[in-house]
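Here is the structure we will look at, set down as C-alpha cells.
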Amino acid sequence: RGGDSGSSEAGGGITDEPCPDAVNPDNGCIYLGAISDLTKGPFAPLAVPITDAQEAFWAQVNEDGGVGGYDINLTDHIADSEYNPELHNRKYQEMRDDVAALAQTLGSSQTLAILEDMKADDVIGVPASWNSAWEFEDQILESGASYCFEAMNGVDWAVAERGVANKVVAVGYAGDYGGDAAAGVEVAAEANGLEYVALETPAGQENQTGAISQILGEQPDLVYISTGPAEMATIVGGLAQNGFTGTVVGSSPTWNPALLQSAAAPALEALYFQAGPWGPFGTDTPGHQKMRDALGDVTPNDGYTAGWAWSYALLATLEAAADLDGGITRENLVKAAGELESVDYEGMLPEDAGATDGDPNETAFRQSVISRVDPSAPTGVTIEQDFTAGPTVSDFDFTEPCFSLQ
Amino acid sequence: MTTIVRSPRLRGRALATTSYAQDMGLLNTPAKRRSTLVMVVLGFLVPFLLTDDLLQIATLGMISAVGAIGLNLVTGYAGQVSLGHAFFIGVGAYTGAVLGGSETSLVVGYDLPMWIWLPGAGIVAALAGLLVGPLAVRLRGLYLAIVTLGLVFLGDHVFREARSLTGGPGVGRRGPDLNVFGIDLRESGSVLGLELAREQRQFLFALLFLIVFAVLARNIARSGVGRAFSAVRDRDVAAAIIGVDLTKYKVMAFAMSSFFAGVTGALYYAVLGVFDPSAFGLLMSIQYLAMILIGGVATISGSIMGAMFIAFLGRLSGEIAHVVPGITTGSGGGGVLTVFQLEAILYGLLIIVFLIFEPRGLFGIWLRIRNYWKGWPFSY
Amino acid sequence: MELLQSIVNGLGQGSVYALLALGYVMIYKATKVISFAQPALMVVGGLFTYHFTREFGLPFWIGMALAVLCGAAVGMIVERLALRPMIGKPVFTLAIITIGIDIVLRILANRYIGVQSKIVTYPDGTRIHEVGGITISSQRLGLIAVTVVTVVALALFFRYTRYGLAMRATAIDQETAMAQGIRIGIVFALAWAIAGGLAAIAGTFVAAGTAGMDQNTWIIALKALPAIIIGGLDSIPGAVVGGLMVGVVEAVTATYQPDVAGWLGNNFSLVAPYALMLVVLLVRPYGLFGTKEVERV
Amino acid sequence: MSTPHDPVVSPPVVSLRDVTLRFAGVTALRDVTFDVHPGELFAVIGPNGAGKTSIFNVLSGVYRPQEGEVTFAGTSILGKRPHRIAALGMARTFQNIELFTNLDVVDNLMLGRHHHLGYGWPSAVAWLGRARRQEILNRRRVEEIIDFLEIEAYRHLPVGMLPYGVQKRIELGRALAMEPTLLLLDEPVAGMNGEETEDMARFILEVKHELGLPMILVEHDMGLVMDLADRVMAMDFGTPLTTGTPAEVQAHPEVIRAYLGAGDEIVVGEDAR
Amino acid sequence: MHPAARKLHALCILLVTRVTASLPESFRQGGGSDVLSVSNLEVVYNDVILVLRGVSLTVEEGTIVALLGANGAGKTTLLRAVTGLLDVHDGAITKGEVHFEGRPIQRWAPSRIVGAGLGQVLEGRRVFGEFSVEENLRVGGHTRRGGLTSAIDEVYDLFPVLRERRKQTAGYLSGGEQQMLAMGRALIAQPRLLLLDEPSLGLAPRIVAQIKDIVVEINRRGTTVLLVEQNAAMALSIAHHGYVMEHGKVVMDRPAAELLADDDIRDFYLGRGELATSYRDLKHYKRRKRWLS
C-alpha cells in the first residue's frame, strides 16, 4: 500500500527532481495543492479566477528563478471540492502525501474539515476566504482584513462620509461569511451609536423577497450586505424599487461586474459601495500591474485580484523557510508561517499586513478599501477611499474570532 | 392444514424438511458459500493492498452501502419510493454527533461511547421514519416520492436553524468520536500487535459494520416480513386481501430503512469529521437512489455494489478526465473544457450510459456472468 | 396593501414556477417520469436568449422565440439519445438518467456562463409601473402575459390534436398504446420538445431578472416540484395553479412569517411551499387536479 | 359427495342481508340476500356487470356497501379492513390473476400463510430459532399444496412468466395456503381449454370432499357450474333473479333471457368455454 | 411435458448452436392471396427462453383462421411477433419471417404495422384504466384520419352496455365489460386483418354467442381474422381453417371442420364433449396426449 500517511517526513511534496517541464531544470520542485470550487459549487464564479490567478502567480515566481533553489508546481494538484466539506476532505486525502502546502483551501467549513489533518501532516495553507478565525490558526496564512474588520470599516466609513446616523441592518448568509461580517457590523454599530438589526438570507435571487420586505420594514439608513452578487443585486434592486434612498455597503464577495448590465444597475450606481481587503482589479500598484500582465486579456474580475494577493504570504513563507536550517521542509514552513514579520505584497497590501509574529491583536491587519460603482472601471468599481482603519476597528480588542467556527 | 394432511394425495414429503431449511438458508448453495467466503477474505486483505485515499473512499463506500441497503428495503423491496433518505441520514448523523461528539462553544455534545451513539442514531432515525409511514399509506408512487423530497427540504431548514445541534450552515460540526473498545479509529498504531494506520482501522471496522447489517437485511428480506414487503410492492390490494396489513408493513418498511439510514449517517460523519447541513440535500437522496438502481433493485448485494460504484465514480471519472488528451489540467482558461468540468460531465455520462447499457444494474451483470457458467437462465 | 403587494410579487415569481411546472407535467403526462433535467433545460434556454440578444444583437422577443425553438431542439435531442433507448424501462431508472443529463447540460452551461452571470436585458425592464400603490416591473408584466399566452396555446394543442390523448395513453400503458398504432417515439419527442420550449421561456425571464443567469440559478427550477404535486402531476391547469400558489405562498410567508411566526426560524418561506404541499396532499392524495390511479380487483 | 346442509341444523358460514352497493353512476348490487352453508358449493351466475365480483369485493372488504348486513364466522364484517377479514378465514381467487408477479411460486404460497407465521419482526431480523422453525414448518405445508396442485416443476420460477393456466392454479394454491373456512372462486376456469378445465374441476372437487370447505363459485362456464354447484344464484343488474338447484336455475326463463341466451343449454354451456 | 423440461430442452437447443429441424408442415407459403404468412419463426425471450421453435402459418384473404393450443403453447407470443410487440417483453425474433400482404414486417415498428391495417385485441383486455370508455375508443381510432363519431356509434350498437357506460372510468368496468371494450376498441380502426387473443375470455354465454356473430359479421364485411381461442368449440365453429400449437410448434394444420371432427382435438380441447360424463366422475388424472416427442 501507498506511502504511510499521517507521517510528516519532509519528503512530502518537496523533491530535488526538477518539476515536470520545469522553467529552471536545475531547480528542485515544490508541489503545492489547491482545493477550490471549480464547477458546480456556489462560489465557482469567484473560485475559478482565484485559482487561475494563483497558477499565474506561481508560474511568474518560476519565471523569476523560483524559491530557494526550487521551482513551484501548482497545476498537478488542483482539486474541485464543489464547496462541499466532504469532497474537500477527500481531495485533501488524495494529495496529502504529495504536496508541501496548500496554495488555496476555499471556504471555511471546508477548511475546517481538513484542518486537523493539516496539523497532523505539518501542512500550511492559504485560505480562500476572509474569516477572522484564521488569524488564530498558525497554519492558515490569511491576507487582508477579515470580513469582520471589513464590515467595521464599511460602517465607520458610511457614518463618516454618508451621514448614516440611525440604524444599520446587516443582511447576509448564515454562517462563516455572513456571520463574521455581521459580528463586525454589530461592533461598529455600537461604537457609532447606531441601532443594529441582523437578518439572515439564503442563497438564490428568487429567495430575497423576505429580506427585502424585512429591510424595508426596518427603515434603516445603512444596509450592510454579505451575500453573493446575485442576492446583493436582487436586494438592492428591490430596495430601490420600493424607494429606498439610504446607503448600501457590501462585503468584497458581493460584487460582480456583470451586474452593471442588469436591471438593477441604476440602483447599484446610486446606492451600492463595496468594502474590500485591497484595491480592485484596475488599481495602479506594481502588484496589480504584474497580475494584469501575467493574466493577459481575461475578463477582469476581482477573483483574480484575490487569488494573486493571497499568494504573496505563501511566497514569503517559502522564502523564510528556505533561510532556516534544513531549508524548505514541511516543519520549517510551519515554523516560518508563525514568525513572518512582513510580507512584500508589491503594493497590493502594506508590508506589515503579512505579519504573523505575535498574537493576533497586534498582528491582525485592520485596514480596508472602500470602492464605488464606476462603469468605466475594469471591474466596474474604483477606489472611493484607500486603505484605512476606521476608529472602531482600531480600538477593537481582538482576542477571539468575531464569529467562532468551533 | 391438518385436514389436508389426512388426505392421501396431500401427504407431505417427510424427507423434505431438511432440504427446505437448506433451501431457505442464507447461503443455500455451495457455490454461494464459496464465493462469499472468498469475498470476505479478500475484503480483509484489501486494507493492506490499497493506498490510504482509496482506502478511505472504500470505507465511506461500505458505510453508505448500509444506507443503500436501507433504501432498498423501503424502495426496492416494499416499493415505496423515497427521496427522503438524505433526511433520515441527516437525523442519524446529528443524533450520533450530539450523543457521541464533544461540546464546543457552538454545539452541544455528550461524548457518549459508540455502543450508545450508533444504535441511538438508528433508533431516532427510525422514529422519524415511523412518522412518515402514515403518509406512505395515503400516497402512491411519485406523489410519495416528492413528499419525501419535501421532508428533505423541511429537514434542511430544521438542520440550518437548530444551530446548537448542527453548528448551522457554513460552519457545521464534528461527528462523534470513533472509539471501539478503547481503540481510537482516528489514530494510527498497533492493534493486537498488528500495526494499523487510521485508514486501515476504519476500513476494517466499516467492513464489519457492513457485514453485520447486510446479514440483518438479508434476514428481513427472506423472512415473512420481506415477503410482505414484496407483496405490498407488487399488488397492494391483493396483499391486503390475503391478510397483509398494508399500514403496518409500509410503516415498518420506512422505520427499518430509516434505522439503516440513521446508523449510516452517524458512522459516515464519524469517519469524515466535519460536516454541515448542506450535506443532506436532494443530491444525497438522489445519489442513494442511484446506488440501488445502479446496483440492482431489491437485492442486498446490489445495494453494496451500487454504493461502491458511486463511491468510486468520482475518482474514476477524475482518473479518466486526467488522461483525456487536449484538456487543460488548469482550473480555468484554455481548452474546450477544464479537466474538472470534464470530470463532472463524465460523472453524469457514466450514470446515463450505465443505466442504458444494463437497466437491471450491476446485479444484473453479475447474474449474467453467473448464469453463463451456471447454465440456469431462469433465476432472475 | 403590503399584502396585496406581496401577492403581486408572488404571482410574478409564481409565473416562472408555473412555466417550469408545465414542463415537468408535459414529460410526466407522456412518460410517468419526473424529469430532473428541467433545471438544465431552463438554464440552457435562458442562455440561448442571452446569446441571440447579446451576441447577435437580436431584439428580445425574436431572441426568445428562437431560444424556444432551440430549447425544444435540445429537449428532443436529449430524449432521442438518452431516453428513447429506455422505453419500457422502470420510470425511476429514467428519472436517474434525467439527473445524469442535468449534470452534463449544466456543466456545459456553466462553461458558457463563466465567471460573470449572463444577464438578458428586457426592453425597458427597469421601468416600474405603479397601480394604486402596487408596483410591478414591466419585465414581470411581460412574464405574466407570456405565461397566459403559453397556457392557452397548450390548452388548444391538447384540445385539437389527437396527441393529447395519445400522450396519456402512452403514459398509462405503452404496449397497448403501440398496439393502437401510436408512435410513442413521436409522443416522447413531442413531450420533451414542449418541455424544452417551456423551460426556455422560463429561463429567458429568469435571465432577464435583476441578477440574470449565473451558475447557481438552476435551483429555481426545483421550486416547481411542490407546485406540480399541489396541482396534480398530470394536470396542466394544476401546474399553473400550483406554480402561482407556490409563488404567492412564498412571498406572503416571506413578508409575514418573521413577525407572525418567528419561531419557525429564518427564511421559513423557502420551505413553506413544501409545507403547503403536505397539507394539500393530506386532503387530496392526487393534488388539486391530478387524476386518481384506477385499480379494482 | 356432499349435499347442501339443512339451514336449520347448522348456521350459515356467511350470510348477506339486503346488501346494496352503489357507485357514482351505477348500482352494482341491489338488495342482495343469500346464505352459504357449511360444506356447500354455492355458485353465482349472471351477465357481465351483474355484480358477481362486486359481491366478492364486498365480502373481502374491498367495497363497503351503503346498505345491508354481512356476517361471516358469526360476526359482522362490514367496515372491517381486508386483512382482518382474511384473518377470520376468508380466502379468494381473482377474476384477473392477482399474483405477486416478481416472486416465485413458493413465496406466493408462503404469503398465503402470512397469518400462520408465528413470529414477529424482531425474530425475523435476527433469524433466531423461532423464525427459522416457523418458516420450515409453514414451508412444509406449502409443499403439500404444491404437490396437491401438481406445480412442483415451477417451484422457484417467478410467477409472472408462467402460463396463464398455471398462474390460475397457483392462485388457488395461495388461497388454500390460508387454510380458509370459506373460499371464493372468481371465474377459476376462464381462458382454459377443456383439459385444463377438467384439472381445475378436479382440484375444486378434491378440496370440497377432502376439506368440506364451503365455497362460492363465480363462473361463466355453465357446464362446470351446473356440474359442481349444490345451489346456484342467478343475478342481473345487481339483483338476484332466482336461487335454487342448478337444474331449476338453468330452466328459469329469466335466466335464459338475460344470461344463457336462447337455445339448448348444454350447447350453450359448451360455447361458454 | 413439464415447462421446466421444456425450458431445459430450449436451453439445450440454445447451447447446441440452435440446430432445430423445423418441420416443414406448412404448405401454402407466401401465396399472393395470403394476408399474413409466418414462415419458420423462432422467438426467444430474455435471450435464452426459446418459445417459438420454427412456426409457420398462413392466413388467407377473407378467411377466419383459428389458432388453438394449451396454455403456454406460444399463441400470444406468435401474435406479439406478428405485431412487433416482442421487445416490450424482452423477446426477439431469432429466425424466420413475417409477411403482411406480401411485405416483410418483422422489422417494422408496431405503429407502422397497425397503420398498415393490422388490428389486434391484446390478451387480457388491457383497457386504459384511467380513461373513460369513450376515450378508450377514441384512442383505438388513433391511426384513422377524420371523425370517429360514426365508428364509435357502431361499436355502441354492438355493445349497448358500453353506451350506457360511455362516461364511466374504464378501469372500474367489470371484467366482461372491459373485454367488450377491448373488442370494440380494435374494431374502430377498421383493420383489414384482425388478430384476436382470447376475445371470449370471461364473457357470459350470451355475449360469447354475440362475439361469435360479430366476428362472422366483420369477416363477411371483408376483414380477415386470426382468432386465438381457448374456447375451441366456438372458434372452430366459425373458422375456415385451424392450427394447433404445442409448446412452440404447429402440430396440426387442417380445415376447421376436420379439426372439429378429430378425436384428439375433441378429447383435449373440447373437454368432455357430449360423450364424456360429469366432472364429478373425473377421478383419475388424465395424461395429456402428445403429438410429438
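A, B, C, D and E are the chain letters, set down in written order, and residue numbers restart from 1 in every chain.
Just so we're on the same page, contacts are C-beta pairs under 8 Å (C-beta built on N, C-alpha and C of every residue); 3 or more make two chains touch, one makes a residue touch a chain.
Each chain and its UniProt protein: B, C = Branched-chain amino acid ABC transporter permease; D, E = ABC transporter ATP-binding protein.
Keep in mind the model is a prediction, meaning the values are calculated, not measured.
**Student:** State the smallest step count from chain A to chain E, taking one step as a move to a touching chain.
**Tutor:** 2
**Student:** Would you pick out the chains that touch chain C and also touch chain D?
**Tutor:** Correct list: B, E.
**Student:** If we define chain centres by averaging CA atoms, which chain lands farthest from chain C? Would you check?
**Tutor:** D
**Student:** If I average the C-alpha coordinates per chain and also across every protein chain shown, which chain's average lies closest to the global one?
**Tutor:** B
**Student:** Name the chain pair with more contacting C-beta pairs, choosing from B-C and B-D.
**Tutor:** Higher C-beta contact count between the two pairs: B-D.
**Student:** Greatest Cα-centroid separation from chain E: which chain?
**Tutor:** A
**Student:** Based only on mean CA positions, could you tell me how far chain C sits from chain E in angstrom?
**Tutor:** 45
**Student:** Measuring centre to centre with CA averages, how many angstrom lie between chain B and chain E?
**Tutor:** Between these chains, centre-to-centre, one finds 46 Å.
**Student:** State, to the nearest whole Å, the distance from the C-alpha centre of chain D to the C-alpha centre of chain E.
**Tutor:** Using C-alpha averages as centres, the distance is 28 Å.
**Student:** Averaged over CA atoms, how far is the centre of chain A from the centre of chain C? Could you give it in whole Å?
**Tutor:** Each chain reduced to its C-alpha mean, chain A and chain C end up 37 Å apart.
**Student:** Which positions in chain B touch two or more other chains at once?
**Tutor:** Residues 160, 237-238, 241, 341, 344, 378, 380.
**Student:** Among the residues of chain A, pick out those that touch two or more other chains and give their numbers.
**Tutor:** Residues 39-40, 48-49, 174 of chain A each touch two or more of the other chains.
**Student:** Could you check chain E for residues that touch two or more other chains and list them?
**Tutor:** 49, 172
**Student:** Which residues of chain B touch chain C once you look at their complex with the stated criterion?
**Tutor:** Those residues of chain B that touch chain C are 81, 135, 138-143, 145-147, 149-150, 153-154, 156-158, 160-161, 237-238, 241, 282, 286, 289-290, 293-294, 297, 336-337, 341, 344-345, 347-352, 355-356, 359.
**Student:** Along chain C, where are the residues that touch chain B in the complex?
**Tutor:** Listed in rising order, the residues are 28, 32, 34, 36, 82, 85-86, 89-93, 95-97, 99-104, 107-108, 110-111, 222, 225-226, 228-229, 233, 265-268, 270-271, 274-275, 277-278, 281-282, 285-287, 290, 293, 295, 297.
**Student:** Please name which positions on chain C make contact with chain E in the complex.
**Tutor:** Touching chain E from chain C are residues 88, 162, 165-166, 168-169, 172-185, 291-296.
**Student:** Residue numbers of chain B touching chain A in their complex, please.
**Tutor:** 47-53, 55-57, 104-106, 160, 168-172, 188, 197-199, 272-276, 278-279, 314, 329-333, 338, 340-341, 343-344
**Student:** Applying the document's contact rule, which stretches of chain D touch chain C when the two form their complex?
**Tutor:** Those residues of chain D that touch chain C are 53, 57, 62, 94-96, 98.
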